[in-house]
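Got a structure for you, written out below as structure tokens; questions coming shortly.
Here the chain labels run A, B, C and D in written order, and each chain numbers its own residues starting at 1.
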Amino acid sequence: MTDIIIHCAVALLFPPLLLGVIGKTKAAFAGRVGAPYFQPYYDLIKLFRKGSVFSETTTWVFRAGPVVTLSATLIACLLIPLGRHAAPISFSGDLILFAYLFGLSRFFTTIAALDTGSSFEGMGAAREVTFSCLAEPTLFFTLITLARMSKSITLSTILTHPTPATWFAAGASMLLLVGALFIILLAENCRIPFDDPNTHLELTMIHEVMVLDHSGPAFGIILYGAALKLFVLGAVFVNVALPIATGNALADWAIFIVAILALAVTIGIVESVMARLRLVRIPQLLVGATILSAFAMMLVLR
Amino acid sequence: MPTCNHILPRYERKGRCEAFVFFSVDPTICLLAAATLMAFSGVPGLVMNRPVWGQRIAAVFVVAASIVGEFAVISLLGGSRGATFQIDWPLPFGQALMSVDLLSTIFLLPLFLVCGCVSVYSIAYWPAREQTSAGKLTLFLGFFAAAMVMVVLARHGVLFLIAWEVMALSAYFLLTAEQQSSEVQRVGTIYLIATHTGTMALFAMFSLLRGAIGTFQFPASHSLSQAVPVASVIIITALIGFGGKAGLMPLHFWLPGAHANAPSHVSAMMSGLMLKMGVYGILRTMSFFDALPVWLGWLILLLGTWSAINGIALAAGQRDLKRLLACSSIENVGIIFIGIGLAVVGLQLHAPYLIVCGLFGAFIHIINHGLFKSLLFLGSGVLIHAAGTREIDRMGGLARRMPITSPLFLIGSLAICGLPPLNGFVGELFLYVGAITDGIIAPLPLAALVAPVLALVGGLAVITFVKIYGIIFLGAPRSVAAAHGHEATRAMTAPMVLLALGCLVAGLAPVLLVRLVTPAVAFYGNLAAPEIALVTDQVPLVPLTFANCLLIILVLVIGAAYLLRLRRLPRSLGATWGCGYPEPTARMQYTGTSFSEMVVNLLGAIVAPNRRKPILVTAIPPADARFHYTVTETVLDRILTPLFQGVGLAFSYLRRVQHGQLHIYVLYIFATLCVLMAWTH
Amino acid sequence: MLYALVLLPLLGALCAWIVPDNRLRPLVLPLIATIHICLAAFLVGNAPPPSPGGWIWLDPLGKVVLLCISLLFAVCAFYAVGYLSYRQERSNRVLCMGLLVCLSAMGMVTMTQHLGLLWVALETTTVSMAPLIYFNHNARSIEATWKYLLLCSVGIGLALLGLLFLAYSTYVAHHDATLLLGPLMSIARELNPAWLHAAAIFLLVGYGTKMGLAPLHAWKPDAYGEAPGLVGALLAGGLVNCAFLAILRVYQICLASGTEIRFFQQALLGMGLVSMAFAAVFMARQADFKRMLAYSSVEHVGILAIGLGLGKGALYGALFHLLNNGLTKGVLFLSSGNIHRSYSNKTTVVVKGALTRLPWSGGLFLAGFIAITGSPPFSPFISEYTIVSSAFIDGRFLVGSLFLLFLVVVFIGMALTVLPMVMGAPPAEVEASDYEDRLLTVGPPLFMMMVILVLGVWPPEFLVALLKDGAAMLGVQP
Amino acid sequence: MSLLADQLLVLVMLINLVMLGTSRLIFSIRAVAVQGVILGILPGLIHPFSFHLAGITAGIILAKGIVIPYFISNAVRKAQIRREVEPFIGYVPTLLLGAVFTALSFAFAEKLPLAPEHKDLLFVPASIATLLTGFLLLTTRRKAISQVIGYLVMENGIFVFGLLLTEAMPVMVEAGALLDLLVGIFVMGIVINHISREFSSIDTSRLQTLKEE
């Protein structure tokens, strides 16, 4: 029970901090002081107090988009084990629900974007669905590989299964998996090298361009949802990449939080040292990730 | 119609389980009565000279038949066993039998529901007041529905063939309702040729079966040894004959055109129901054998995968709303076949998860696809009425003008993408669980590959349906007609509401779906209840329901909070931000073509888009430039059409033997004499 | 009683000759046809015993053919009244007389047991049909008539030589030379095999020419294409069946001989498959729909031959198909005649949208097409399926597969001609003709279509029994 | 008597060759008439006398020797045609072919299992040779009239074989066959008449409008 409460608390409160850490890291690399770590929280609070502007072309779909997206991400968040603790909702086959919940959120994000009738948001939506579609098989390859290792199809088991021993036993495939997962993490959350959340040239954007017309609380919900998504996928990544379990519940939580903050720093570093890929290169990278994960699966299944 | 004359009083009861019988009427009799009612539904309209009333009477007939039929199905599911009817047929094929079993229920359940909905819908969609072909259409719609019931009832090769062909021909007459259009003619001809070719394969199949067992009556389940020398041939011909009807690649070529050009309610029946008859045929044929070769399972799996990926890839690149839905039918049939393939592989390798989950996945998807594809096709009919076109790119902004159709279509779209919390997810969940579980526990790694494939298909489906929902309903109208679109009458929306409710209920309470399907799975897989329970217990239906409900609650709570918040804060309306363009117009919006351009590019290897690029000139003001692409239907465009032309050319050379010169004709006679003389010596 | 079947039409022909009025004359046809069909129905039910010499006997095979011919003729006779009312510019005396003489000869074909007499009757049908093909009196029809006449005469001449060989084979075997079926069958085992073989070949080629088996069919498209619809119907449904009956007689003798039957069946199978292949090749992109029907006739003659060649279960199918093909071809030719009349053209370049312009004729043509290509619930499906399934049941997979392949190709070819004809919008530039669907031009084929439907779903008991008897005569060696 | 029959049969075969070589239509009609008359005489030479036989003789001579040639020459007169133009295969090659066919028919007849009393007679070779000549005429000549003549020659060949069986054949059949032949030729004559009116020629190479593509 305590774990569930901690799980919910961490999942609900923690995600915006990741954005803050990434921002700080990037600022550090750029030699700036940067915004405070808690800037995302301030932003959210500010947004929830702001009024909204709605386009005349929009319908209820535009308002429903952020809500459904956030709800789906929240449910996904409940399916993920954090810090070697089983998830609040856990059942065999939940990995499929996990993947499809992202599908649902994507569906609503994109139709909300199309609802504005803006050509740029349409463009963003098209890119978003296309790239995610390519990322989806990779996610499944990775999850199946892990499932095969753990002989289970429950996310909680799958993701808490990897131990240092597995790394020794199947180091190569674990490495491939981690690589693939990292690419997915960046791609799904629209980070560099796939997308630049800070850019202001609409033609090159993916996720940000879809939410151009959202304002006020809706935009707050979107920002929060994006942070949550980063957190969820980050948690998956951390679980696989850092298979350390102390046995002590609180120590595990601490390790997890440190690890995910480290991940945020890593992302920040990546964003600082890499440039955005050209749009035509993105599918190639994604397909590359699919091949990595498929290769990992072959190594394990063989 | 053959159905009505055939029922002779002589029939035998094969026993029934009284405990579960809801009411005393035999299911088979109910189904026959329903078929008869449907077959004759169009007749009053022909006889009366008030076509409008004829159509209404037909709808009453069909709805009544549907209710009777659904009762029969439910009583079957409840455990009662239908009687077997025997026809003393004066034809040289032996006595014909008709009966139902639990496999039939999977197909009858959506059949009656959709038929009832369609017949009500047609009153407003194809009104006899405006359409002269309405009488004909109503008549054949009745034949079509009744023939499908008979296909499921028939237990005799020739009876089956008759029902099958009546079904196929009725579909032809239905889909050529707008026969004045040359495109309709073309696709009608392709359809007719495809279906007839398939029927010829079935001719061979049933003959071979007759040769193997000595009677045209269907053998009992699992009674036929796989060691019969012609077993493989029987299965292959069945795959050709039935697979063609089901739209399995590479025999799908007739499907997109036919479904796109038929009246929408006909498309709904063809796509939601007729394709499933092909699936039924294959399932029935396979049930005859005691064992099936493993290669068959892999073959079906491969064909299913191919259909799923290629079908949805084709769909993604379409500009025509109904053609898109038709291509997505190919995808869904592919998913059904993936399930069947998993089950067949599992049967031979004794992998219980593959068997049970494969069958569950396939059967649930059969029902689901019947619901949501019919919903979408009926919705497309509303759209065509409203916007006067099938071109996605000429619609837009219809959600504002169609407050009922728009959410219904959204439900259909979400369901067909397999997204929770709708019914599409349930079927796919079973397939995933089956494939992954046996992929990781049992040594069947290849089966696990199904999961990424399904994921890819799901991702492409999201692209496709975001595209049609977004481009059609959202944004600003792209044409004058779309700007003046109107909501449909209640006769059209009510059936859609019913179907959408079906999707919702089945999605939120997947246990219900599983309950409906379990008897058929047990029957078909020859499995005992514990065996099934062992597997289904692993499928997270209760937690899924919980998660679904939680999702809904979350949406409601967050939504309510958001709306409350919104009410307190200042709101203003404005134009969509045009990114600096001073006067964005509706024509500057992303179109369906541009939306899917990227994915079509990526899938170029499969769909081979035929691009027409604009010529960019620097002159000022710049001239008109257009860009568009069409995806290639490889089998039809690259293989069959050239093949036909080649054969036609070869034939025109051969035809020179008929040159009109009499004296050479005499020589032919003489030559024939000589050949016959020489033959024996 | 039996002789009445022969004499009555001759009497009718006399009447037709006497009646001076062009309008009244065609009425003789339905009158005679009605009596004829009543008589035929009665005789089929209560067949008199064989005549003392054994020359005349209406056996089950004859009955099947007689029923088909009589029904087809009756339908055509009623149709003729309607049709000829549109052709008042031309004297129909020869047409009426020719039809009736032909009916008389066809009646004789069905009831005679003497092969010589059979030959004479068949030759009479050939000659009596020639003026009918020439009914339109133009260059094309004269060419068709000439080809028909010469090729059929050559063919029938070869059949005569075959008959002589047959008679000679009895002579060589030291029996009294005879051409009576009964005695021939009883001594068939002792006949000289070489002469019997030669006889079988010549008779097959001879009657095959008359029947239109490929490659002996060259006259068929021309004659069917240029003759009026109702003559085409009688050629395809009447004469073909008479010739087929003649081949059945030969088959009976070969069967009785025990040795010759193997070759005969093989030859029938070969020619049947060749016919279907020819038809398939020629039907593709066939722009002239009457010629297409002619090739369809070639195809179905091939199917009959294959049914006979397969033997066993297929015999029933072949006999049933004889009936079905005759009737369905009747529907097709009569409705195509109507379409031809309405558009004054018989190519698919002009003829479009028949279903819109002539809902009944167009619909019947479409239904006939669906029926003839072997789609349930029409009766040709039953017979074709009987044949093809028995091929597979007997393990003749190659024959069965080829059969199905040709059916598919034929279907595609036919569909590509028929569907554009009936579907779509009628072209605007076609001038209006005075033809419109009326009871007398549409009712008869419609009735026949109904018969086909009934036969396909629930054939009457007596017909089934008759077909079974007929098949037994061909299937069991005495 | 059978010696005379053999000599007459040789004559028949010679007439065949004559017909293959000539280009004058009237001449070939007369030749065919002579052939018909010979055919009428032949049965009397090999079979004992009977009324049946006399009837047949009279019938054949009447039909083949008088009526049919009359019909055809009538048609020739109406069509105003005298000569066969250049045939599809020239006169000399057809003549040679005819000679080869005649020789072959002798060789072939040797092998046939004939009844012993027919072994030494020329009936069978003559029959085959005449039949083949008929075929040759049918396939090489252009004029409709020549084709009718070819058909007649073929029929004659068949009759020659039939003569072996004259006794066995019932009168009715023989008469019917003759009558049919008669009517057939009559109708052909009429048709030729129409052809010449329609095309102002009876050249069958013009009758080629009915064909595929």
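What we mean here is this: contacts are C-beta pairs under 8 Å (C-beta built on N, C-alpha and C of every residue); 3 or more make two chains touch, one makes a residue touch a chain.
Here the structure is a predicted model, which is why all the values come from computation and not from measurement.
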*Which neighbours does chain B have in common with chain D?*
C
*Where the centre of all protein Cα atoms falls, which chain's Cα centre is nearest to that point?*
B
*Hey, how far is the Cα centre of chain C from the one of chain D, in Å?*
30
*Roughly how far is chain B from chain C, going centre to centre by Cα mean, in whole Å?*
43
*Using the average of all C-alpha atoms in each chain as its centre, how far is it in Å between chain A and chain B?*
36
*Please compute the C-alpha centroid of chain A, do the same for chain C, then give the distance between them in whole Å.*
78
*asked:* At least two partner chains per residue is the criterion; list those residues in chain C.
replied: 146-147, 150, 154, 221, 282
*Which chain D residues reach two or more other chains?*
138, 147, 204, 207, 209-210, 212
*On chain B, where are the residues touching two or more other chains?*
652, 655, 658, 662, 666
*Which word fits the touch map of the chains here: line, ring, star, complete or other?*
other
*Which residues of chain C touch chain D in the complex?*
114, 116-117, 119-120, 123-124, 126-127, 130-131, 134, 137-140, 142-147, 149-150, 153-154, 157, 160-161, 164-165, 167-168, 171-172, 176-179, 192, 194-195, 221-222, 225-226, 282
*Mind listing the chain C positions that touch chain B in their complex?*
146-147, 150-151, 154-155, 158, 197-198, 201-202, 204-205, 208-209, 215-216, 218-219, 221, 263, 266-267, 281-282, 284-285, 313, 316-317, 353, 355-356, 370, 373, 375-377, 381-382, 385-386, 388-389, 391-395, 400-401, 404, 407-408, 411-412, 415-416, 419-420, 423-425, 457-461, 464
*Show which residues of chain D lie in contact with chain C when the two form their complex.*
112-115, 131, 138, 144, 147-148, 151, 154-155, 158, 161-162, 164-165, 167-170, 172-173, 176-177, 179-180, 183-184, 187-188, 191-192, 194-195, 198-199, 204, 207, 209-210, 212
*Residues of chain B touching chain D in their complex?*
652, 655-656, 658-664, 666-667, 670
*asked:* Considering only the defined contacts, which chain A positions touch chain B in the complex?
replied: 48-59, 61, 63-64, 66-68, 70-72, 74-75, 78-79, 89, 91-94, 96-97, 99-101, 103-104, 106-107, 110-111, 113-123, 125-127, 129-130, 132-137, 139-141, 144, 147-148, 151-153, 202, 212-213, 216-218, 221, 283, 290, 294, 297, 301-302
